[in-house]
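Heads up, there are several structures right after this.
What follows is chain A paired twice: with chain B in the first complex and chain C in the second.
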Partner chain A sequence: MRGMAGHALRIVLVVVLGGFAGAALARYAPGWGVDDEDLNSSLSAASHAALHASDANGSNPAAFYVDYWGRLLRGDLGTSVALHEPVSQLLKERVPETCKSVGAGLALAWTMGLGLALLSLLPVARFAAWGAWLLASLVLCLPAAVLALLCVYAHASGRLAIGLIVFPRVYQFTRNLLARSAALPHVLTARAKGAGECRILLRHVLPVAAPQILALGGVSVCMALAACVPVEALCDLPGIGQLAWRAALSRDLTLLVNLTMIMTVVTLAANSGMDLLGGLIGEGRG
Partner chain B sequence: MNLRVRLAALLIPLAALSAFGQPGSQLRFCIRTDPKTLNPLMVIDDAGQTVRYLTGGVLLRLNRKTQQLEPALATAWKVSSNGRTITFTLRANVYFSDGTPFSAGDVAYTMERLMDPALHSPVGDSFRAGADKVRAQMLGKNKIAITFPAAIVGLDKLFDQVAILSATSPRKEMAALGPYYLSENKPGAYILLRRNPNYWKHDAAGRALPYIESIRLDIQQNREIEMLRLMRGEIQFINSLDADNYDVVKARAPEMAVDAGVGLDSEQIWFNQVASAPIAAYEKAWFTSTRFRQAISESINRADLARIVYRGHAQPAASWISPANKVWFDRHLPPYRYDPNGALALLEQEGFRLKNGRLRDRAGHVVEFSVMTNAGNRSRERMAAMIQQDLARIGVKLNVVTLDFPSLIERITRTFNYEACLLGFVNDDLDPDAQMTVWLSSAENHQWNPSQKTPATAWEAEIDRLMRLQASTLDVRKRKQAVDRVQEIVREQEPFIYLVNKEALAAVSPQVRNADPVALQPQVYWNIDTLWMGSGGGKR
Partner chain C sequence: MKKTRAAAIVFLMLMGCACLLAGYLAPASYAEQFREIPNASCSRQHWLGTDDLGRDRLSRVLYGTRVSLLLAPAAALLTTLLAGVIGGAAGFLGGWLEEAVKAAIDLVLSMPWLFLLITVRALLPLNVPPLTSVTITFALLGCLGWAGAARVVDADAKALAHSEMALLARASGSGGMRLLWRHILPNLKPVLQAQFWVSIPVFILAEANLSLLGLGVAEPLPSWGSLLRELENYSALTAQPVQWIPLALLVLTVGSFQLALNREEDWA
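This part shows the complex of A and B:
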């Protein structure tokens, strides 16, 4: 119970600090508070001034952030300057898309990664292990944006790109974890006693590696979420990754702070959740 | 009714429907960003202008092909001899998309909203001509006179931008008089427009226009993906193509490629002449020297820029007004010279010396400066690279810096922390009066030295005088003389070194019938109400 409270407190603290860091970075980024229309020759001086009337709102990031939290506690996430929509409305429309992308990407990455890692442990599948290593290395060499573009050109879903971005990390870590567990003395003993490969894998190898694999599960959620930004932007998926990209390009302070905090919450919650689960499994085995 | 008449009554509409691709025909194309606003009076950006063009009903419409005004919601109009009053006779029996009737009251209401100083309407800015209020006097249900506090040049043409709002509709500005109305808006994803069932216009055969049922505007920033979608048939046209993609279209689907000739936009380079700019004093001395600017201009090979960077789809520029502007371009201006030796001679007159392949000023400073342009614009990046090579021939070292657009705008409008800038200006207005805020020395958009309290140079004072003169007289001949003289001064002084005028390139699927792209915006869909969708290929 104390562990959970500690995790919750840590999440709140990091979210508050992360949000402020996001606000300060966006505010002091070059080009904050300027508008393409500053070059519009058809506007009068008064209209130019009116165009920037709202900039004063974010000029002091500390004051902006205090005001933001005041509104947030009343349930108001603010309004996007670039898209002229309440942030809550934008999130409502886009979070499901990102959840689907992250879910599908993770399912693909874990199915491929864990499946090939397990296969590579089997002595009869040495050729498959080489193939898996080659595929993981190849995909690892390609930047996320390139994978996304390849999906666009191949007319494939962007979710495939998310899966391919996460897959090599999952594969390499799980294969190493499983190989290390498989080399433990009690596994050798079991094998010497003539236990079958499946039984060894399920009873002796996987339980040992489970806490670390769960921790990797938390990290993979963060990786998939981070991959959503370039993939959704390039593959034209209307999720929060695409929203974050547009918010960054248009220096949309309110939207950026909200998205920074959401990404921080998801990252921390996923890691903490997996840590707790890993701890429970460890206690159960102990 | 006998059987033949009944059959004809049934078959004729069916034949018409099939011929024009109805019902359910949908036109799809991409816009770069979400419109900043859907209020037609507050439109400021390209995406907003697209939605306004497709949904807004205007009193007069500029025919983008002939460059002449045509009647729209007004069947006739007259500008008074003093240029202050315009009287419109309005079309009768016209209704907004929601069924609200259109009348002179709506025009009066629109003008009142447009000129509200608190609204800061960009369209309203072009009508501001004095401190007094604009008066709209209804001379009957279908006649109205609008009087401005002072004369406005090209008054009637400005109404091409004014979408008339309903004074009484509960849907406010969403009630449309144009060919389409806004049906759905999903920010960041798409905008769906549907055919206005009450649109006033009919074709020669009496059929209600427009022919196309709906238009879907997909928000797509990435031009490569836009190209891919065109090739796959997911969108039907690209309104503005760069030269590279135009050649790709021409190679893969020649029937789609359209070159509508030279456009109104210009590409130029300028030096920072702001007195308070945080750059070295000797550099400011270079940049404020007319001979230095002329020498840089003479050393740039514009023909090569047009041939290599734009693959022949551009023309070397000659003035701040494009040759596409049939009325205002000064045809007596000679083309820019490309003469590196002449450039060196000019620089020597100014005390510069070429030594060991490097140009040095009178005080021995090596001539080296940076030119910044917006990152991601391949044409500008290539132009900068070619200019770098051209300037190396006269011993000038040019460094190319690419910045994202907000950072670049911050530097040229706020911090003035730059040496030279390469950028293009989009021009969608034929009348040079629309560029007053570029040429007046006191204006914010006088990019090389903005917001001057008094003109820094005699030639800028002369430009101020001439631009004010052209804005205050209704005599077209006098206006033309003044604008021609401004073009000559700009050519002599080179505050902007004009490089090329791009051609208006587009790609249009053969599915889109009756398309006739032009150089003026909106190039492909200027005749949207008469476009129709056919199936498969064939002649456009």
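This part shows the complex of A and C:
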């Protein structure tokens, strides 16, 4: 219970501080307060003055941030400058697509990564292990955006690209972790007593490595979310990643600050959830 | 596997030479246009053909190699320096400073890397001259990559500050800056070196991603990332397979870094 409260407090603190850092960066970014409407000669001087007065409301970053939180608590995330739509509406439309992409990508990455890491522990599967190492190394050398393009050319889903981007990290980490666990003295004892490879793997190796593997689960969510940006942008998937890319290209700072905070919350929640789960498993074994 | 590692190091040295000698090896300037022959295929004048604006592709690959291979290490050096100063000071001094640094590290690491990169890149001007864009891109990579390295340096500096070696130095009258300068920093050198080498391929890939998304190095200055934008034109790609060369060079270079950095146990 205390652990959960600690994690929740950490998330709130990071979000509040991160949000302020984001808002301050956005406020001091070159171009803040410059409106396209300034170039519209059909507007009267009074309209221009009104526009500048509305921009001046955000001149103090602290006041801007307090106002932002006030609106946030009322459920108002502001309006996208580039897309001229409420941010909450944009998120409502795009979050399901990103959830599907991230979910499918993570499922693929973990199935491939963990499966091949387990296979590489078996002495009979040396060639499979070598092939997996080669595939993981090759994918690690490719930029995520190129993998997304290759998927487009192969008429494959962008979700496959997300899976391939996350796979090598999952494979390499779990393979090293499982290999280290397999070399522990109690595993050697079990092997000496004649236990089968599968039994050793399931009863003696996996439970030892489980907390760290779960921690990697949290980190892999962060990796998959990062991969969403190039994949959704280049594979034309209407998700949060594509939205972030469009916001970046059009310097839509309101949208970017909101997206940054949402990504931070999701990442922290995933990491904290996996940490807690790993802790519970560790306690259970202890 | 020592032979593979040696081959990787030789390849990296060759790439280093090519990027340093780009001015002598390139048949034309990276921005010079041969307007009468856009999208030309390989010929004696243009070994790798020309791009859609009629620029010599070999020259652009050579200059792009120079930009990526000189500036990624520069960004890695910046990251390592930041990590050394921030992590080293936090680990050595401890107390509230270390707690504050750890919180800052958590804050930076809690955001997806590429997402953070495009967000901060978008906060800086996008419509800038090519040299400014390349400086912004790599400076940004250097400034945002410090957190992971600083965590490692912090842990190492803390362990060193509480080691018997440091205790002995303190007992001998060394303290403060002398202890840091003469005893802690030399022992942090291997960690900092490792962080430097590990950061280079990461930054090469990050620049490629940013440029492919239109947020990196601006035209006409070439980098591996901006050269990869040719891959977005599938019809031209099938007509001229030489357009894959920048990608092949990037993969070989990043792979060579991996092979050169990997420890023996990773081969098992």
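What we mean here is this: the second predicted complex is superposed on the first by the 250 of 286 C-alpha atoms of A that agree within 3 Å, B and C clash if a C-alpha of one lies under 4 Å from a C-alpha of the other, contacts with A are read in each partner's own complex, and residues count from 1 in each chain.
Just so we're on the same page, a contact is a pair of C-beta atoms (placed from the backbone, for glycine too) under 8 Å apart; a residue touches a chain by one contact, two chains touch by 3 or more.
All figures in this text were calculated on a predicted structure; none of them were measured in a lab.
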Note to self: Which partner chains sit in contact with A:L243 here, chain B, chain C, both or neither? Use first/second/both/neither.
What the structure shows: first
Notebook entry, point to check: Touch check for A:S44: first (chain B), second (chain C), both, or neither?
Noted result: first
Next item on the list: Please indicate which partner A:R251 is in contact with in the superposed arrangement: first for chain B, second for chain C, both, or neither.
Entry: both
Notebook entry, point to check: Regarding the shared-chain residue A:T260, is it in contact with chain B (first), chain C (second), both, or neither?
Noted result: second
Margin query: By the touch definition at the top of the document, which applies to A:A23: first (chain B), second (chain C), both, or neither?
Written below: neither
Note to self: Quick check for you: in the superposed arrangement, does A:A144 touch first (chain B), second (chain C), both or neither?
What the structure shows: second
Check: After lining up the shared chain so the two structures overlap, which partner does A:V14 touch, if you call chain B first and chain C second: first, second, both or neither?
Finding: second
Next item on the list: Determine, under the contact definition given at the top, whether A:L83 touches first (chain B), second (chain C), both, or neither.
Entry: first
Note to self: If we overlay the two complexes on their shared chain A, which of chain B and chain C does A:A182 touch? Say first, second, both or neither.
What the structure shows: neither
Notebook entry, point to check: Taking the contacts chain A makes with chain B in one complex and with chain C in the other, which residues are shared?
Noted result: 30-31, 149, 153, 233-234, 249, 251
Margin query: Can you tell me which positions in chain B touch chain A when the two form their complex?
Written below: 34, 36-37, 44-45, 117, 120-122, 125-126, 128, 186-189, 218, 220-222, 224-225, 228, 232, 403-410, 412-414, 425, 429, 434-438, 443-445
Check: For chain A, which residues count as touching chain B in their complex?
Finding: 30-48, 50-51, 80, 82-85, 90, 93-94, 149, 152-153, 155, 233-234, 236, 238, 242-243, 246, 249-251
Notebook entry, point to check: Given the complex with chain A, which residues does chain C contribute to the contact?
Noted result: 103, 106-107, 110-116, 118-126, 201, 205, 208-209, 212-215, 225, 228, 231-232, 234, 247, 250-251, 254-255, 258, 266, 268
Check: Once bound in the complex, which stretches of chain A touch chain C?
Finding: 10, 13-14, 17-18, 21-22, 25-26, 29-31, 137-138, 140-146, 149, 153, 176, 179, 222-223, 225-227, 229-230, 233-234, 241, 244-245, 247-249, 251, 253, 256, 259-260, 263-264, 267-268, 271
